């Protein structure tokens, strides 16, 4: 299997996430789209790790491919932390204005 | 007594004494005391300056009277200040101007006097530094430092529209000096190094920088714009009338008497010798601009109804000639510029003092509203007439010698330019006499009926100025001798 | 390394203090002590190379004098920030020690991004910096502006994290042997393969986002404006400088050899940033928001470090970080005391609070880049670094013209303080909120700025000794 | 000898001392003291000049160097004085006539306030000082100093009664017109300096080989421009009639006897240059003659006693320039001298009349003064004869010399010159007749006051009258007496260099000369008789002048012409520059930059819409741009 | 077409479909469910690439913990379909276009790359196994591992500071 298909898939997922961020107003959904982007990256990283694992040069190195997978692990860790903070912020906003619409608040501009 | 043997050298004294005096002035709360302190301090500075002139040995270009501290040695800049002939002359002008300005201020009351006098003295420090800097970076520092206190002075104690007017002045000059800074940095990259650094900001390093012709051509303009704004040369002059109009009188005196000389000084010290090829290449443009500016400003001056704006435009016309004369690259022209820098400084201060006195007493600056002051204040009128005539370069006054030599230099460069520029001396007569006539002659009116003649302190100041006017008008040779070496050194750069 | 450990530990300590210490002012002193301690151990490491714990870092962290110097500056500025703003932090909300804890965590993250050697540490460091900031931004919970800012910051920050991760993934994929070590991503100076190029651009963009370079700056004004002013102060100074440091480190160490191929992007960034930052700041009425834009404008100057990437640029960056942080912290500290954040609110400050006005003037002059202030020296180094490259002189000229514009808005504040009178019925600052210690600290800050302006080697020498 | 000549600095120094004493001590000095100081210093200067005169007789020329005025690389201008026959003649005229006028002034100005009286004498002394500098300077720069100095004094004295705006305007006009000429002078000096490297007469004339014909023509033309300003020639003559606003002695001294002759002195001094530039000489001659005729025509119809004299001055100066133009340098100088005598006399006489008439200057209101003012009348009449060129009065000799020289050059010049001389005779005797003959036409009050002036005023009149009568005999032409032209002999060394340059010299035959004299005298006599006859019984009439008469009365409308082609346009341009170019153009641009920044700020601010979606969109667009820049460009 | 490829395509279509539905569906709850679908599809890819540890973690952490948290929050707020007001169509359209452009640009760049054709190791390889990863994590990645605790601590504080009701 050639790497380009995985790249294509990951990029497609990533861009779907970007489109979601651009088009939606519900902050929770935007947040989910960002998670989607992160997952696309995760997929890409793993795919790359397997690509490097297949290359003869890299196979000689010790941790080939594991690096990227650990990186993915850390991304998940960070994502988890981010989610907790992010949701807290959204909840806080909801408490104040009873809405999760990102455009509802626009006192800060210009 | 060799100045080297004194524990501290003249350049140091000249630069740091006003600084310290200024800082001290901030501490003094009582207005009378702080004024006395300012006058005293400026007189001491004058004394130092006179002493330095006595020890001046102008045959040793820069060699003597130069002091250098290690400072930013790893980037090749040292705090080097020194006095050559031109520096001597201009520091003397600065030192002379300030006590006169302070004394002429009389019993003017200022809100927050300590800050006022402190800032004035700081301005003096900046000016001194500019005239003595022997290092491009130090020059830039002082260049800015002279402007900042002046900006505060104008904005704090100025007229109604002071904030906009002086802000324009500040932004304008600041833009110019930033452009110059880029130029300095670029030249710096092409200088030889010192033992600590790859390149050097020292003046000699700049003079010997290997800047090729192509670079000179645009670097020249970076520097020139900065200096042209300061001088100011047409068409960079529009900040000046507004600022002069709005600034407090004594600051205006500093601005026009001394600070505009910074621009001319800088052209001679930091522009022409560094980019001789570009200076030769663009001489026609610069002189053309200057000459156009002379005529232009003179014509405008004819139509001015505000004394302050009137003086401002007349100053622009005079400065134009100085700028043009520098680029003639002739001995006579350059020497004329030297003389004229000093003369113009004194004359214009005199003009401002008179204008200020008139405004204070009558409450108006409108030429059309005044008249007949000669009856009420004959002494003031006599001084004014002498100063005004000096301003239009009547023979045996100081400005004549300078203008004569500058025109002589310009003539060597181009007869056409001289003829066109020469019409400005006619126009100068027109606008000056118009002003004199409308303000001082004729019959008194309601505004001027209560006019009093000037007090003793103003008389003293004006008398000093008049003495200088005639002294230098009859016997300018000392000033010529003082600056001769500088001129020769600068002109050598064209060889 | 020392600083990272200590700040992390101190963060935990502060957190625990929140649970056990009831006095409201104790956390402040604890935090100050922590900052001092961190500074001490960092200096220790600088001078002796002696780590607190001997941890095998697998070369993931680089502790050279440059990085440690930077950490020193960040810690020093934070210390100053604590001293000046300690009381204001207390006023934000109930979780005083938690705020301090978060700030310590941010410092820990700053330690990481100042020393990272792999993209993983960079990523984690940036997240450790960002997440507490999201929280601090939203810490004024009842304030809708604070809410809004937090949400905006969080969403856009996460988005940029996504961009960054995609970039990292592409770099990983494009690198010869599949490595996250920044030194191994590129070998030689051949034309970039497209995958590397994609990764580079994406990483550049995410870093540009963090340093709020246009056109990725949009979060900055809103977030700086909406956050509680004390935290804006921290965000806009120490954190921003740290992001810059990471930016420069990344691009120097990872892509330095290919600089010619991506320099044009930096040029675009610089032009856009300077233009937008300076222009937009001109019209602002709120000083706080004006400072936000000015921070964008200053970022334009700092970007010259990335543009030039030479020794001068590094010295300049360190100086810039110090100068900019000091001046901004000072200004924000004064701003927190103001009754009215608009420029008109500063009217007559010169008469009511001469010390505040004077020091604010020094800070503003420094930000404008007037000689003898640190601000001048830092701009000077930056311009010199750019000119040293011998390329794109027009960019430098453009930059100084923008600096002239910056004088326009900085001086508006000065004008307000000195040349205008305050309204008869209101004072710009409540006298009670200005303690002597505060004034002394401000003066110390101003003196520091002038000292650095006079002797930049006070800081740059650290890089070499 | 030279040791003694070192003392020539005394000559200008004495009036300067007088100026300082009177100027600084104007509050302390009594009128008498001020008068004594003022006249005394000039008298002393006259005595020294007299001494100098005898020293330089025989062609001695001496340069006294005092100090370096300007000494730079490539140019050395000393503060040097030169005395030679030419300057000594002028010294005598200036100090001599000047002294007489000072004396006259003590009486004429007696009604002034003591302070102003002293001020007046100070100015007068300053004028004498400047004039002396002008003629004594050993180089063009010192000459220029005096040159502008006299312009200044003229300004100060014309505007002496500074309350009157018209007087001020006249003063201003004088100064500015002089300045226009000064610019020409200055340019010429620069030209000389840049080519010969010096402004010293000796060096310049010794280095003429360095100058091309173009240079010399240019220099002489520019110098002549200077001369037209100072000596009131076309086109810069209009200031002189206006300058009559000053006190009458001032008019006599400055605007008749001395200052206006500065241009002649300068050209005579530069005779070598002019001889080498025939083209310029032609210009000088033509301009001189044209001025002579133009001014004479105007004088025909003037009714102000001083105005008539003023135009006659302009006219006579024109003759002098004609002389210079045709190479009769001696003749010109001779005419300067005789003119100084009789014109000063005329002015002082006129002053005496005005004094007697209580300030009245319109001759239509005079008449029959012969009875009341005998001395004034006689001296005035003598002066009229002199100026009309009646033999054997002084004017005859000098004018004749010029006309003869003109004839040599071109008979047409002579013809026009004679026509001018006719007009001169006509208007002078019109003036004389209207003033002194017939019946008194003024008010009773004026008539009651009519009286002869005091001795201080009449004495100078008498002295000048004597000089006017006999002054001509120092230059008796060759025809009458061989070797009778002592002035020519005396001045010969000065003009030696240029005489040597004139290759051919066709002298007039004696018969031709007699004929020319005869024609001109006859013409003048005819005009004289006609005027005497016509105006001795002049009656006042309210008839408006019409046609040419009106044009002449209004001075050919030259002032109006200048006003509309120079003054108004300049003012309009100034206004345009001030209101449009400056405010809207340059400053508008500067402010426009500021406004543009502000506008840009307001617009660019709108990008910051406050909406996260928009922000992210911008970011994504930015990403796209960056990708395209990096990957596809 | 080998079995691997069939699985790849099947999973890819599923992932993309679910991703698009996350963006497109009106109700947040549906979005969440679709997102979980995406996660499962991605985990399938992980297994395909023999990254078993990540596959499991992905299911547990993302689908299990994070998404449940989301769901919980959405339920708590009682956000239903059509809670979202009408949105600026132009902005939506612009978002779609620019997202598409981004995709095109990236794909265009990748296809120019020589690496695009490199073959992957699918189904085999030790690197994704827990044993292997664990060893490396605790040997070489000690610092990031330890440091990420700081991240969690700050997230925890954040939840307290922000979430706690005054």
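Should a chain be cited, it is by its letter among A, B, C, D and E, assigned in written order, with residues numbered from 1 in that chain.
In this text, a residue touches a chain if its C-beta (ideal position, glycine included) is under 8 Å from a C-beta of that chain, and two chains touch if they have at least 3 such contacts.
All values derive from a computational prediction rather than experimental measurement.
Participant: Shared touching chains for chain A and chain B?
Facilitator: For chain A paired with chain B, the chains in contact with each are C, D, in label order.
Participant: Determine the set of chains touching chain A that also touch chain C.
Facilitator: Expected: D, E.
Participant: Hey, how far apart are chain D and chain E in touch steps, shortest way?
Facilitator: 1
Participant: Of the other chains, whose C-alpha centre is the longest way from the centre of chain A?
Facilitator: Chain centre farthest from chain A's centre: D.
Participant: Most remote chain relative to chain E, going by C-alpha centroids?
Facilitator: D
Participant: Select the chain whose centre, defined as the mean of its C-alpha atoms, is least distant from the mean of all protein C-alpha atoms.
Facilitator: B
Participant: Between chain pairs C-E and B-C, which one is joined by a greater number of C-beta pairs in contact?
Facilitator: C-E
Participant: Which integer distance in Å separates the CA centroid of chain B from that of chain D?
Facilitator: Inter-chain centre distance comes to 38 Å.
Participant: Can you compute the centre-to-centre distance for chain A and chain D, using the mean CA position of each chain? Integer Å is fine.
Facilitator: The answer is 97 Å.
Participant: Using the average of all C-alpha atoms in each chain as its centre, how far is it in Å between chain A and chain E?
Facilitator: Spacing between the chain centres: roughly 6 Å.
Participant: With chain centres taken as the means of their Cα atoms, state the distance from chain B to chain E in Å.
Facilitator: Each chain reduced to its C-alpha mean, chain B and chain E end up 71 Å apart.
Participant: Which chain C residues touch at least two other chains?
Facilitator: Residues 120, 124, 127, 131, 134-135, 138, 141-142, 150-152, 155, 159, 173, 194, 197-198, 221-222, 408.
Participant: Taking each residue of chain D in turn, which ones touch at least two of the other chains?
Facilitator: 594, 605, 608, 610, 612-614, 616-617, 620-621, 623, 627, 631
Participant: Identify all positions of chain E at which a residue touches two or more other chains, and write them in rising order.
Facilitator: Residues 91, 94-95, 98-99, 102, 106, 109-110, 112, 115, 140-141, 144, 148, 151, 154-155, 158, 162 of chain E touch two or more partner chains.
Participant: Throw together a list of every chain pair that touches.
Facilitator: Once each pair is checked, the touching ones are A-C, A-D, A-E, B-C, B-D, C-D, C-E, D-E.
Participant: Give every residue of chain C touching chain A within the complex, in rising order.
Facilitator: Residues in contact with chain A: 120, 123-124, 127, 131, 134-135, 138, 141-142, 144-145, 147-152, 154-155, 158-159, 161-162, 165-166, 168-170, 172-173, 176-180, 221-222, 225-226.
Participant: Name, in rising order, each residue of chain D that touches chain B in their complex.
Facilitator: It is residues 67-75, 79, 141, 144-149, 152, 155, 159, 162-163, 165, 168-169, 172, 175-176, 179-180, 182-183, 186-187, 190-191, 193-194, 570-571, 573-575, 577-578, 581-582, 586-587, 590-591, 594 of chain D that touch chain B.
Participant: Inside the complex, what are the residues of chain D that reach chain C?
Facilitator: Touching chain C from chain D are residues 594, 597-598, 600-602, 604-605, 607-608, 610, 612, 614-616, 618-619, 621-623, 625-627, 629-631.
Participant: How about chain E: which of its residues touch chain C in the complex?
Facilitator: The touching residues are 106, 109-110, 112-115, 140-144, 147-148, 150-151, 153-155, 157-158, 160-162, 164, 166.
Participant: So in the complex, the part of chain E that touches chain D is made up of which residues?
Facilitator: Interface residues on the chain E side: 88, 91, 94-95, 98-99, 101-102, 105-106, 108-109, 112.
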